[in-house]
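In the two complexes below, chain A is the common chain; its partner is chain B in one and chain C in the other.
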Partner chain A sequence: MTYDASVQKDGDDSTTSGGSRPFWGRVVNWRPYQGLVAIVTVSPRRQFFILVAFPVLWLLTQHLGPMLQMLHVSLLDAYPVAPGTAHTFTFDNYMRFLGDRIFWQPFFRTLTFAAVFTFCTLIITYPVAYFLARHVSRKNRMLMLLLLLIPFWVGEIVRTYAIMILLGNTGAVNQVLKWVGLIDRPIPFMYTSFSMGVGIVYLTALYMLLPLYSALEKLPKSYNEAAADLGAGAWTRFRRVTLPLTLEGISSGCTLVFLISTGFYATPVLLGGPSTTVFAETIAGFFHVAGDEWPTGAAFAVIMFAGALAITGVFQRLMKALRKGDTA
Partner chain B sequence: MNRGNRVALACCYWALVVYVFVPLILMIVMGFKDSKFIGFPIQSWTLDWYAGVFSDAEVLYTFGYSVLIAVLSTLISVIVGTWIAVLLEGRKFWGRAVMFGLMVLPALVPGIISAIAFRIYARWLGIEPGIGAIIWAHAVHNVPFVSLVVMARLSTLPKSQIEAARDLGADALIAFMRVTLPYLVPAILGASVFCLLLSFDDFVRSFFLGGYEPTLPVLIFAMLRSGMSPEINAIATAALVLTAAIGIWAERFTRQNSKESQV
Partner chain C sequence: MTKLILNRRRFLGTTAMASVALASPAYLRRTSAQGSGEVNIWTYNDFVPQSFKEQFEADTGIKVNIRLVDDQGKQYNLLAAEQPNPTVDIMTVAGHRFLQFIDNKLLAPLDTDRLSNWGNINPSFSESDWSTINGEKWGAPILSGMEVLSYNTDLVSQEEAMTWDTLFSDKYAGQTAYIIQDMMSIIMLKMGYDGNMVAYMDDPEKAAAIVNEAKQYLIDKKPLVRKYYDSGAEVQQMFVNQDIALGHSWNGPAAALINDGFPLAMTIPNEGSYGFVYTYNVANNAPNVDNAYTFLNAILASPEIGAAMTKASGFISTYKDATNYLTDLEKASTSFPEEQLANLPFFRAEAHEMQYGLVDPAVEAVKAA
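Presenting the complex of A and B:
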C-alpha cells in the first residue's frame, strides 16, 4: 500500500485533516479492508459492476416494481388471490370505467381542473420570476426568493387548513369584503372549485416559480438590449425574445405542476364539495372498502396516470414545436 | 415606461407574498382566540389551546412518531440516493438514460397514484400497514430528490482532485471517502433536510400506508373531518414552526457552506 507511505511523508496533510490521519492510515492497513479492496479492484470492469448492482436492483424493485405490480393487479379479476383458486386476467376493471358516468366525469374534471390550475399558477408566478431575475439586485434576490420559500416548507395539510380559515364564511376575505361594504352576507367560497383552486395553486406555486426563475436568470440581458437597439418595444421584446427563450422553463414547470395537481387527495376532500369530486377521491374509494375492489382501484389509477402522461406528452410536443418554429 | 413596469412587477411579487403568508398568519392567530369558534371577530385571547395540546399524550406521541419516520426514511434515502448519483453522474454506459428515467420516476408519479402503488406493492411484499410501510414508501419517494441534488454538486467536482488522490496512492474507495464524500457533504445535508421535511409533511402516503397510529398530517386530517377547532390550529402551528425553523436553518447552513467552498 503506497498510500500509507505517502501520508507518512506528507507533513502538510496533518494541518488540513487534523486527527483523521491515523484513522485512515489504520483503515488502509486493516486486513479485512485490504481484502475488500483486493476483491473490488481486480479490474475496472468488476469495480463498475459492484457499483452498479445495487442501484439497478433498487431502481427495478423499488421504483419500477410498485408501478408494475399496480398494472398487474389492475388486470386481475380478484385481489388478493384466494389460496387454491386460479386468478384470471381480465379487462373488466377498465371497462367499468367507461360504463359509468360517475367514474369518467371525475376523471375529465380532474384533468380540466389540473390544466386550469396549472395555467393560473403560470400566470401568477411568471411576473414574479421575471421580477426577481430582472429587477432585483443579486444580493436581495436570494433573500426575496427565500421569503417565498418559507411557507412552502409547511405541509400540505396545514396549508390546506389555512386556506379553509381564509375562505370560510367568517373568514378573513369575507370579513374584509363586509367591512369595505361590498357585501352584506358572506360569499360561500368554500367547497367550490374556487376554494379548491386557491388551495392547489397555493400548494404548487413554488414548483412553477423555480423552473421559471432559473430559465429567466440564465437569459443574458444583452439579448434584450440588442432587440431594443434594433427598435423593438417592450412588448415586442418580451414576446419575441424573452418568452420564446424561456419556453423550456415554462414547459418543465407546467409539466411538473400538472402532474402534481392531478395527484392531490386531501386538498380536494377538504376544500372541494360534492360537485367537485376529483378522480383521486374515486380511486381512494376503492381502497377504503374490503380488498376485493382493489383491482378496480388499481385500474383506475393506471387510467389516471396514463391520461396525465398523455396530456403532458402532447403538451411537451407542442412546446417543442413552438420552440423550433420560433428559432427558425 | 420602464419604471411603471418595475412597479407593476414588484406589486406582483408582494401580492404573491401576501397570498402565501396571510393564510398561515391567520391560522396562527386563530390558535390564540378564546373561543371554540374559528373566525372573526376576535374578542379575547388565550393560551389554553396550546396548553391542552401539549399536555395531550396522543398528540405528543404522534409528533415523535412522525419525527422518527422522517429521520429513518431520510437515512435510507440519503444512502441510496447518493449511491445512485455517484453511479449516474459523469459516466457513460449502456442504459444510463433508462436508469436516470427510473431514478426520477417516484418524484413524478402523482401523489394518489404513488400511494396506491405503494399500498399494493407493500401487500404483495407482505409488509403490514404501519411504521415500516410508511418509512419504506417515504424513503423510495425521496430518493430522486437526493440523487438530483447530489448529482448537481458532483458535476462541479474537478476530476483532477480525484486523479491527484489516486496519483498519491489512494485506492478508489479511499479517494471516494476522502475527496468525493467531503465535497458532497453540503449537498447531502441539504438533501437530508429536504427529505426530512417531505416525510414529515407527507399526507397521502402516510394515509394509505399507515395502520392505526396516525402521523401528524394524518391526525390533523382526521380531526378536520369532524370540524375545525382551535386545537387543530395549535397543532398545525407547532408543526409549522418546526418545519419552517428547520428549513431556514438549512438554507442558512448551505449558503454559508457554498460561500466557503467558493473561496
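Presenting the complex of A and C:
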C-alpha cells in the first residue's frame, strides 16, 4: 500500500485553517502518535507480530498461564510452603489418585452425572430451540430469546439459590403440591441428585440452547417440505432430515454443557447431598485443608481436565462419524 | 526473519525492565496493603461489630478493611501463599490451630504490653494453658464457641437431644446435618476416645485405628444424613427451611437463630463435645503493625463491644462482664447448664499434625463413600 503524504498534508492544512480540527484529526497529526505509527508499520511482519501480540498475551496470561501454573503445582511435593522452605518435583500426587480407590468414586460419579445431565439438557432444550427457530416469526425471535436469557442476567449462585427456594421443604413446589392436596408432608427434593440435576440443567441450558437454535435456524424449510412431498411423516422427517442436519449444533451444545458440568462446584455443594459428592468438591477439599495439600488438589484438577477432554474427544469423533454416515 | 541482536546496553535495559515487571506484583501488593491509615483484617462474619468499626474509623482515621473467611484451613493457605509479604494485619485463628500457624512462622508473637486493655479479657481465656506457646502469647481471645447439638424444639424433645445417638437414629433419618471434620472428633469422644488425639501421640497405630473406627461409623450412618455442610449460614438456612430437624452445629449460628425467635435449642450431649476460642492475631510481617495494635486495643476496650460481638455472631464473649449488656434471651442463648459444661473439653493443638494427617483423608473417604 502506498501513502501519498502530500494529499494528507493538504487535507491537514484545510482542517487547521478551519480552526475546528476533529479529535481524530488532531491525534493523527500528534508527533508521538506519528512516531508510534512509523515504528509499528515499518514492515508487514512487524504489523503482524503487533496484531498477534495482544491475543497471544491474553491467551497466555488468562487461559494457559493459570493452567500451566496448576500443572506446575501438581508436580511439587508441597505448596504453599513457609518462606525459605524448599520443594522438589514429584509424581506422587498423581499416584495418590491411582493408588487410592476412595477418589475414583467421585471422579466417575462426576463424569456419569455430567453425561446424564448433558443428555437431559439436550432433551429439554431441543424442543425449545426447535419451537424458536421453526415456529416463532422472525420478528419475535429476538424477543423470545431475550426472555429466555433473562435468568442468565444474574450469576450462578443467585440462580442456585432460586432453585433452593423452589425445591426446599417450605419451597414453592412443595407448597403448591400441598395446596393442591397431593401431599401431606413435604417431599425432600433438596440435597439429592434430583435437586443437583435440576440446578445443573437450569444453569447450563443456555449453552445448549444457542448452538441448537443456530443449527435449526440455518436449516432451510424446503428440506422438510420436500420430504413431506415424498410421503415422509413428521417423525420420519425429524429423524431423517432435521436431526442429522442439526448434529453439529448438538455436538457443540453437548460438548459445552458436558465440560461445564464436570467443573461445577458451587451448585453441587449447595444443592447436592451426602451421596452426590462430585470430584470438584474433592479437589476443593485439598485446597481448603490447612497444609501442603495444594499439589494433590492441583494434580486431581489436571486429572479431571484430562478425563473430561478425553471423553469430549471420543464424543466428537463419534459425532463426526455419525455426520459422515448421514452424508455418505 | 531478522535476527534478534542485543547490544550490552540494550540487554542491561531489557533485563532491568523485566526485573521490575517480575518484582512489581509483590511490591504493588505490599504497597497497596500499606496505605497510610489502614488495617486489613481477615475474620468471620459479624466478628467486627459494624457500630464499632464506624466509631473506630471516625476516632482514629484508620480505615478497617475486612475480608471474610469461613474456614481456618483456607485462611492458613491464603496466608502461606502470601508470605513473606502478606496483605493482612490481623487474622482470626482458633486457639487449637495456633501451632500450625506458629510452626510455619505465619503469626507474630503478640506484645501484650502494647495492649493496655488486655486485662479486660477474662483470665480463664487470656491466661489459659493453650494461649501460651513457647513462652509467648499469640492471640487476643475474643469469642468462645462450642460444638453443640441443635434441634428444632417443635420436632425434637430436649431428652432426645441429650445424646448424639439421636443424630444417627432412624427416627430422624434424612433430617440431620453435620460438618464431617468436626464430627470426627465428636464421634471419637462418643466412643470413649480422646478426640484431640493427644493421648495417642506416642502410638500412631492406635490413633490410626481410632480414626478408622470413627470413619467407618460415619460411613455406616451416611444413609441417615440429609446434608454434610461447611458453614454456619448453611445450617441456619436448613433449619429455617425445615430441611432438617436437628444437627451438629457451632453454638454461634444456632444462638443467632434462637435470638431471632426461631424454635431452636441446643445442648452439649451427655457423651460430651468440644469447645474452642477464636483469637485475633497479628500476622508475621504484617504491613500495618501499629494500626493492628491500635485496633486490637480499641476492640478490647469495653465489655459493650464484647457484648455487641456476641449479639451479632451468637458466640460467647471472652470479655469480663460482657453478659451485663445482653438481653435475657441473648443470655439464655449463650449459656449452658453447669452439668453440660462439665462435658466440654477444649480442642487442643498438640497432636494437630498427626490428627489432621489422619482425619483429613478420613473425611474425604466419608464424602466419597
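The rule we apply is simple: the second predicted complex is superposed on the first by the 291 of 328 C-alpha atoms of A that agree within 3 Å, B and C clash if a C-alpha of one lies under 4 Å from a C-alpha of the other, contacts with A are read in each partner's own complex, and residues count from 1 in each chain.
The definition used in the following text is that contacts are C-beta pairs under 8 Å (C-beta built on N, C-alpha and C of every residue); 3 or more make two chains touch, one makes a residue touch a chain.
It should be emphasised that the depicted structure is a prediction, and the values quoted were computed from it without experimental measurement.
Visitor: Clash or fit: chain B and chain C on chain A?
Guide: Because the two structures are overlaid on the shared chain, the partners are seen to clash.
Visitor: Per the contact definition in the header, classify A:151: touching chain B only (first), chain C only (second), both, or neither.
Guide: Only chain B; A:151 stays clear of chain C.
Visitor: So, does A:80 touch the first partner chain B, the second partner chain C, both, or neither?
Guide: In the superposition, A:80 touches chain B and chain C alike.
Visitor: Under the stated touch criterion, which partner chain does A:266 make contact with: chain B (first), chain C (second), both, or neither?
Guide: first
Visitor: Between chain B (first) and chain C (second), which does A:171 come into contact with in this model arrangement: first, second, both, or neither?
Guide: Both partners, chain B and chain C.
Visitor: Quick one: is A:277 in contact with chain B, with chain C, with both, or with neither? Answer first, second, both or neither.
Guide: After superposition on chain A, A:277 lies in contact with chain C alone.
Visitor: In the three-chain superposition, say which chain, chain B or chain C, touches more residues of chain A.
Guide: After superposition, B is the partner touching more of chain A.
Visitor: Looking at A:191 after the superposition, I want to know if it touches chain B, chain C, both of them or none. Which is it: first, second, both, neither?
Guide: The second partner, chain C, only.
Visitor: Touch check for A:294: first (chain B), second (chain C), both, or neither?
Guide: both
Visitor: Where on chain A do chain B and chain C both make contact?
Guide: After superposing on chain A, chain A residues 80, 164, 168-171, 287, 294 contact both chain B and chain C.
Visitor: Which residues of chain C touch chain A in the complex?
Guide: For this pair, the touching residues of chain C are 1, 71-77, 80-81, 83-84, 97, 100, 104-106, 174, 222, 225-228, 230, 237, 241-243, 356, 360-361, 363-365, 367-369.
Visitor: For the complex, give me every residue of chain A touching chain B.
Guide: 1-3, 5-6, 10, 17, 24, 27-28, 36-37, 40-41, 47-48, 51-52, 54-56, 58-60, 62-67, 69-70, 73, 79-80, 124-125, 127-128, 130-132, 134-135, 142, 144, 146-159, 161-166, 168-172, 175, 202, 205, 234, 256, 259-260, 262-266, 270, 280, 283-284, 287, 294, 297-298, 301, 304-305, 308
Visitor: Enumerate the contact residues on chain A facing chain C in the complex.
Guide: Spelled out, the residues of chain A in touch with chain C are 45, 80-83, 102-103, 105-106, 164, 168-171, 186, 188, 190-191, 269, 273-275, 277, 281-282, 285, 287-291, 293-294.
Visitor: What residues of chain B sit close enough to touch chain A in their complex?
Guide: Within the complex, chain B touches chain A at residues 1-2, 5-6, 8-10, 12-13, 16-17, 19-24, 26-27, 30, 37-41, 80, 83-84, 86-88, 93, 99, 102-103, 105-106, 108-121, 123-124, 140, 143, 168-174, 177-178, 197, 200-204, 207-208, 217, 220-221, 224, 228, 232-233, 236, 239-240, 243-244, 246-248, 251, 255.
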